[in-house]
Amino acid sequence: MSASTIIFYILATLVVVFGALTVFSRKIFRAAISLLLSLTFIAGIYFLWNVDFIGALQIIIYVGGIVVLIIFSIFLTHHSGQSLPKAKTGKKLLSGIMAVAGLGFTTWVVSQYVFKPAPGVVPVEPSVHNIGIQMLSYSDYGYVFPFEVINILLLAALVGAIVIAIKKSQDTEE
Amino acid sequence: MDIVLMFRFEIILAVLILAIFIMSLRGFDTNVKCFLNTMNVLLLLNFIAGWLPLSEGSYFSDFFRTNGLIVLQKNIINLGLLLISLTSYVWLTQSKYRLEFYILMLSSIFGVYVMLSSGHILMLYLGLEMSTIPIAAMSNFNLKEQRSSEAGIKLILSSAFSTGIMLFGISLLYGAVGNLSFASVIANLHPNVLTLFAFAFILAGFAFKMSIVPFHLWTADVYEGSPIGVTNFLSVISKGSVIFVFLTVLYTLFGGLKEAWLLGISILSILSMTIGNLFALRQQNAKRFLAFSSIAQVGFVLVGVTAASTIGSASVVYFVLIYLLSNIAAFGVIGAVADSTGSESLQLFKGLYKSNPFYALIMAVALFSLAGVPPIAGFFGKLFLLTAGMKSGLYVLMGFAGVNLVLSLYNYLRVVKYMFIDDAEKPLAPLNRNRQLTTALYICLIGLIVIGFVTPIYQYIDSLCGI
Amino acid sequence: MEQVPLSHILILSSTLFFLGVYGFFSRRNLITMLMSVELILNSVNINFIAFNKYLFPHQLEGIFFTMFIIVVAAAEVSISIAIIINLYRRFKTIDIEDTTTMKY
Amino acid sequence: MDILSLLLVLPVITALAILIVKKDQAVRWIALSGSIIQFALAIGITAYYVSLRQAGATGNMLLESSYEWFAPLQIYFSTAVDGISLVMILMTAMVVVAGILVSWRITKQVKEFFFLIVLLSLSAYGFFTSTNLFVMFFFLELAVIPKYLLIGVWGSGRKEYSAMKLALMLMFGSALVFIGILGLFYFTGAQTWDFQEIAKMHIPIETQRILYVLLFTGFGVFTAMFPFHTWAPDGHSSAPTAASMFLAGISMKLGGYGCLRVATYLLPDAAVELSWIFIIAASIAIIYGAFATMMQKDLKYMNAYSSVSHCGFVILGIAMLTKVAVTGAVMQMVSHGIMTALFFASIGMIYDRAHTRQVDELGGMLKQVPFIGSAFIISGLCSLGLPGFSGFVSEMTVFVGSWERTGVFYRVATILACASIVVTAVYILRAVGFAIWGTVTNKEYLKFKDASWSERSAAVLLIIGILLIGLAPFLLTNLIDIDTTSIAQRFIAVVGK
Amino acid sequence: MNSYDLSALLIVILPILSFTVLGLFGNRFSNRTSGLIGCASLVTTAILALYVAAGYFFDFGLVNGEHVKHIALQFQWLKFTDSLSIDLGIVLDPISVMMLLVITIVSSMVHIYSLGYMKGEDYFERYYAYLSLFSFSMLGLVVAVNIFQMYIFWELVGVSSFLLIGFYFTKPSAIAAAKKAFIVTRFADLGFLIGILMLSYNTKSLDFFTIIDRLTQVGSPYLANFTATSFMGMSALSWALLLVFMGGAGKSAMFPLHIWLPDAMEGPTPVSALIHAATMVVAGVFLVARLFPVFAISAPDALLIIAYIGAFTALFAAVIACTQTDIKRVLAYSTISQIAYMMFALGVAGWGEGKMEGFTASMFHLFTHAFFKALLFLGAGAVIHAVHTNEMEGMGGLRKSLPITHFTFLIACLAIAGVPPFAGFFSKEAILSSALQTQPLIFYVGLFTSGLTAFYMFRLYFRIFWYNPVPEHSHNHETHTWAMNIPLIILGVGAAFAGLIPFGSFVSADGKALELPFHLTFSIAPVAVGLIGIGIAYLLYGKKNEIPDKIASAVSGFYQAAYHKFYIDEIYLFITKKVLFNLVGRPAAWFDRTVVNGLFINGSAETAVATSNAIKPMQSGRLQSYTMFFLGGVLLLAALLIIKFM
């Protein structure tokens, strides 16, 4: 067992543990931090696999963007240290059963299937250079179109978020 | 030039979005009527532009492709867009966010186009998300109403969940086939444990957007809570476009799993029809009522989908066109009633024929069309779906469809009864009629009557589906 | 280089996925539900990257897919957060059990 | 434009004209003149058909024409007639004229009323003339909503319940029919809706079985076949007079025609094998309907149940598969159509005056309103199969035809059917005795005026129809002889002769 | 078409013409005009009938000394198959011509009589229309060439009887009686109809003469087929014939289908005379006579049953007649008894030399009975007209005030009692003698009945015209007008002398002339019995006295039973009201409302609503439960697909 393998298993364990903390923690802030950590360790796995670009993206967007956004919203909507209301036991139980059943089923499925790697191919290095070229290429395997499309999505999200969340002055007067 | 023609829908949309931004910068949107009318004219132009000569082909390494059928589908969506814009006129004049409404709506449409033209699962996914996310924002546009916020959060969260499920399936599919362009999937797809598993997950994602039972539960709440224009958009454009895409997904992408999806679709179809109709039985809110009705309608669409051939897709496209007109008309009338009374209760429709014969007649035609009663076009739409469905000889499915024809007739007749037979305790005053709404309703009315009899429309669709 | 078996990675991602699912089902707070969604999406990402790396290294399909998922997730989260904030600001609740005025 | 299309265009024009004009009186006159022209046209077509036949025209159906409709789905707007459809059309035209005349005094939403009535008639004409199964189904369905609205808006009593039940049950029937038709479309190997084409196909018996049961049951719902008859009593009793006349007179015949033309004719092997099911249903309907009628106190309920019983003869005749029985079934359809229309018309006239239909609340009508009373008695006598009226010849033909089927089972069914004539006599005479004869029980009734001109003309028209068939049945049988022969031809191997 | 055929056709056509004219335009005519139209047409038919009869019996019908059937007219009316069709036509043979005579004569008499009797009644023109309709139907019935033609007119006769009984349609008892008459006969007709179906199916014909041919010729395959199957010891043919007879029994009021006839007396009295005495009620006899060769040759067992039913009915009705107090009812039971006479006369007859006497006797009695019974009824009508009651209580001593009525009534009574030389003597004599030859038991029953007949008829006679010394209300109705008196006189002549006709040379089963036996020695017994009956009646009712009541109370049980017509009506009432209405009709209606409509139709609607409510919690408004359904759906779907396709 090589070092990278051991690191992987450690990272994997951490990811799962903090993932679990995210969903089990009664303190919302703690949950958010666990999520942050979990995501960071996932980024670690990416780095381990040499997909540095995605790892970086993970840290920038997820850790730096999304989780921060979430934490902001927690600040906006919670008093600090406030415990979350307890879910009903029945609901928890049901959720647990479904999740476990799903997990078991999925595990069974992936264990049944023999994954076949593409035979005799030349691997492409997932470097920033290659990714960048493909991203903006419009020939084969060029991703410029989705890239453009997603811009509009982001624009729309921006507009939508602003409309909903912005606090207009006349609103407060009412 | 070819490229411009190929991309004309997307280009025009982008230009429109840009134009709105410019208008807002120029303060043009403060003149409400002028702005809305301009928008309607622009959308009309957009609709007309859709009929420019066709150029087929694919571009960007199959990320984008187009052909006659896709163009037609986009045109149908454009028609719906125009009509929704017209029917939402009153609401928009009262709303503060008309500009944002248009931006979001057009972005969503953009997503729809992407989805329709996709030749790669990535684009499918992007389109699907892009058509949904803006709507979630839009459904929260009645900011002061809790129902509206609830609708927004329910839509966005359940949509996110469903996306997660679907993506999980896509990721497994990726593991099985190695490349997610349609061509590669078709070539490498074989029925095995993993692909069937992945297929079920992907199917669920689409089923969610089409509100197929048991993935439909968000539908009624979101429809009820959203502003009526948004509900209309959800029920017509979102649903219709996903149905269009669904055809491609099943017939082309998962053609290799036909045996499997035939069974799955049959079951989902039966569930949708039955449960949709059973829930509609009790509804007193017009929007919820139509939500469940649309769930049942999708069940019927799935019956047609089982044909897995030209007749299947032709009948589905034809039906969606009719469904679009019927639903827009129905929502238009509901909107008119709701705008003046502030309530969407079906009880308000009592005695409507006496107080507002025009609206009552339009509503009746729309409902008859949904129920599939001749000579309204819905009859043909529904029966062609059944005709397509019988192709596979699934008697059980047809039996359920038959029973549901009866159930759905009851549901629609209930409203017809309110309007024509019952007397209101307190009759509505004659509702005001604005030109925009009336125009839209007339277009729907004429469409619903004409489409059944002017057969070139169906022949045209059929010829396109035959490709 | 000896590699971690693919199935282990898949088990990791599945575990994460269903952890997310569990969280989504059982947490009453809207924000924690949103966090659960992020877990789900990340598990998908792990899948994509793993398949890309293990099975189909000749293309960057999985990597690109992951990128788009991340971006879309960002957009989704921003809208969600906006709605949640609106909900909280006007109705003083972000408990999912309270957003049930419409039913049946 | 060919002459059969004219038959369909005319009602459309009438309907549009009704929509355009403003005054109620104008609406009435337009509806009436439209229907009379239609009646004349129907007679003209019949004459033309007869002349063609005499000129030696062969072919199962004449005056064929076909227009493209939904070509990709093989749906053509094809029309043609044979003797059977012609007599049905004639009957329809007659009942429509009478129905419009009877409704002359409707004052509520006149325009809508007559529009719906004309629409109903259109559906019947379309159904009887089309040879394309899809188009046939289109017209079958076309009638459902007008019926619903006619009962719901202009009806009385538990009108909402009745209207809804009627609409739903008929929809159920049409759903079965449509599935059956689809089966014919796909599984006959022809991919055609044209029933003359399908008739030439050899269909595997397994398919035939399913489709036969589906189609026969589906159309049976329209014919108020046991146990799918319960829409009839409630529907008829709640409906306004003209709608009752249409429902019982025409709509129920759509079902009978379908049972014969589609279910039985197209699926001969299954018909031979499975007709026993419907013989049982018909026998039950006949005898049980008759007994149930006996207990009714409301005149309309009574006639509705009696319609169930009488339409049992139609089903019985069709299911017996002999030529004579089939002829009898067709005759019974026509006869019952006219007779029941007259019955409902006279009940309606009484109801308009007395505002009750309860047998024990009425009485002395013959003394007070002799014309209406006589019309009632005539329809009653026709209903109980008095010679000279149409009911007799048709029932006897069914009996004779049924008796030709050998075998204890068929014999028992026939005897049961025959036995109903006694029960029929009981309930008809009961109604006549209590409601029409007797003394005037209510002072209010002394103010009644006898039938108005429109009511008189309606009744006279229908009575003429009843008498014409009753006295000269050969007119009818000669007209349909060639067609029943060709239908019976398909069963000769089994049924014999 | 020669003049005889044309006349025969006119006989049938004229009444229906007058019906049409009166029915359509009657309300525009005065009563007088209406009456005259009716009378004119019927008198004309009577004259034509005489002409045709003369022609038939002496001229064209007589071929080589035999009376052969002559088809005056026949055309196809409704074709079922090539061999089966309903033909309408006119056949002239001895029995039909005889019936034509009877019907037209009695009918014209009644028409004339009614001018006086019905004077001033409401709906006068309608009355005449109905009478004409009846005459038409009856004439059509007797000349039928086709068994279905007979059925058609059979039904028409029934309905005209119904209309006439219910002529006083505001009177509840009349309504009830009309319904009863129609329904009972309808029930009987059901048997007739099924019998027709069986006959027609097995002989492949509906034509009377073809049927007779095919079922009587030795070695006929039809006959062999028909008799091959048997049920309960009788061949299918016998059953078919018995079913046909059931129809006849209904019309002719044989036990146990007789119950309608006494009630039918609710109709106007002339109607009773025409329909319920002289013509319609003998239709059953006529029907059996028409099919007599088949009965006699191929199904003697059926014929025997008919004989016994006839004999029993004769006795049974006579006993009841002795106790009735309503004079029309007495006459009604007397009619039943007399028709039963004719019926058993047919029953005791057979085919072959010397055995066919009963047939002729039966027809003879039919002929003579028509005269004296019509006369009795018209006379009773005159009495009722005078005293305005049917009950004997209000009568007595009327011989002074109604001399013509009294005289003719007496003749009729003597005729029916079988006192020579009046008409009834000869025909009854013939019947009894033929019965003695084959069925002695029936002979004795007949003899006893004959005595009873004499008794109750004279009971009636004395009770009306003697009994009380002075009539209470003696407003003299001998001003009855000529219209009422002339028919009485004409019929009186008939009743007195019709028996002298050498009937056997005109009417016989095989057309050959037959000499009815007449032995003085044989006659002693019946005549003596008759006289004894008359004597007892005189003793009891000649003057007002206590003896009848004493006798009645002495045998009170039997008397009460007879007075209540042996409770047959009650049994029927029980079967119809209790059994059919309560045990069949009501449950059927209940079943329809509750089970078929309630459970099956409304039930499915309620199930839908209940299901809808039951699945309501699914849409709980909780996003998390929604997504649970989502995941559950996905997993199940995946599992299903994998299980199904792997």
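Every chain is named by a letter (A, B, C, D and E) in the order it is written, and numbering of its residues begins at 1.
Definition applied: a contact is a pair of C-beta atoms (placed from the backbone, for glycine too) under 8 Å apart; a residue touches a chain by one contact, two chains touch by 3 or more.
Nothing here was measured: the structure is a model prediction, and the numbers come from that model.
Student: What is the graph distance from subunit A to subunit C, where chains are linked when they touch?
Tutor: Tracing touching chains, the least step count from subunit A to subunit C comes to 1.
Student: Chains shared as neighbours by subunit B and subunit D?
Tutor: In this structure, the chains that contact subunit D and also subunit B are E.
Student: Per-chain Cα mean versus the mean over all protein Cα atoms: which chain has them closest together?
Tutor: Given all protein C-alpha atoms shown, the central chain works out to be D.
Student: Is the number of contacting C-beta pairs greater for C-E or for B-C?
Tutor: Comparing C-E with B-C, the pair joined by more C-beta contacts is B-C.
Student: Using mean Cα positions as chain centres, tell me which chain lies farthest from subunit E.
Tutor: It is A whose centre lies farthest from that of subunit E.
Student: Of all chains present, which has the mean Cα position farthest from that of subunit D?
Tutor: A
Student: Between subunit A and subunit B, tell me the centre distance in angstrom, where each centre is the average of that chain's C-alpha atoms.
Tutor: Roughly 31 Å, centre to centre.
Student: Determine the centre-to-centre distance between subunit D and subunit E, using the mean Cα coordinates as centres, and give it in whole Å.
Tutor: Subunit D and subunit E have C-alpha centres separated by 36 Å.
Student: Using the average of all C-alpha atoms in each chain as its centre, how far is it in Å between subunit B and subunit E?
Tutor: 76
Student: Return the distance between the CA-based centres of subunit A and subunit E, expressed in whole Å.
Tutor: Spacing between the chain centres: roughly 101 Å.
Student: Among the residues of subunit E, which ones contact at least 2 other chains?
Tutor: 616, 619, 621, 623-624, 627-628, 631-632, 638, 642
Student: Listing for subunit C: what residues touch at least two other chains?
Tutor: In subunit C, the residues touching two or more other chains are 17, 20-21, 24-26, 33-34, 51, 55-56, 59, 64, 68, 72, 75-76, 79, 82-84, 86, 97, 99-104.
Student: If you look at subunit A, which of its residues touch at least two other chains?
Tutor: Those would be 91, 94-95, 98, 102, 106, 109-110, 115, 118, 141, 143, 146, 150, 153, 156-157, 160-162, 164.
Student: Please give all chain pairs that are in touch with each other.
Tutor: Once each pair is checked, the touching ones are A-B, A-C, A-E, B-C, B-D, B-E, C-E, D-E.
Student: Touching subunit D in the complex: which residues of subunit B?
Tutor: 310-311, 314, 368, 373-375, 379-380, 383-384, 386-387, 390-391, 393, 395, 398-399, 401-403, 405-406, 409-410, 413, 416-417, 420-421, 455, 458-459, 462-463
Student: For the complex, which residues does subunit B have touching subunit E?
Tutor: Its residues touching subunit E are 153-154, 157-158, 161-162, 165, 191-193, 196-197, 199-201, 203-204, 208, 214-215, 217-218, 220-221, 259-260, 263-264, 267-268, 275, 278-279, 281-282, 407.
Student: Enumerate the contact residues on subunit C facing subunit A in the complex.
Tutor: By the definition above, subunit C touches subunit A via 1-4, 6-8, 10-12, 14-23, 25-29, 31-32, 34-36, 38-39, 42, 45-46, 49-60, 63-64, 66-68, 70-79, 81-86, 88-89, 94-95, 97.
Student: Within their complex, state which residues of subunit A touch subunit B.
Tutor: 106, 109-110, 112-113, 115, 118, 138-146, 149-150, 152-153, 155-157, 159-164, 171, 174
Student: Subunit A touches which residues of subunit B in the complex?
Tutor: Touching subunit A from subunit B are residues 14, 17, 59-61, 63-64, 97, 100, 103-104, 107-108, 110-111, 114, 122-123, 126-127, 129-130, 133-134, 136-138, 140-141, 143-144, 152, 172, 175-176, 178, 192-194, 197.
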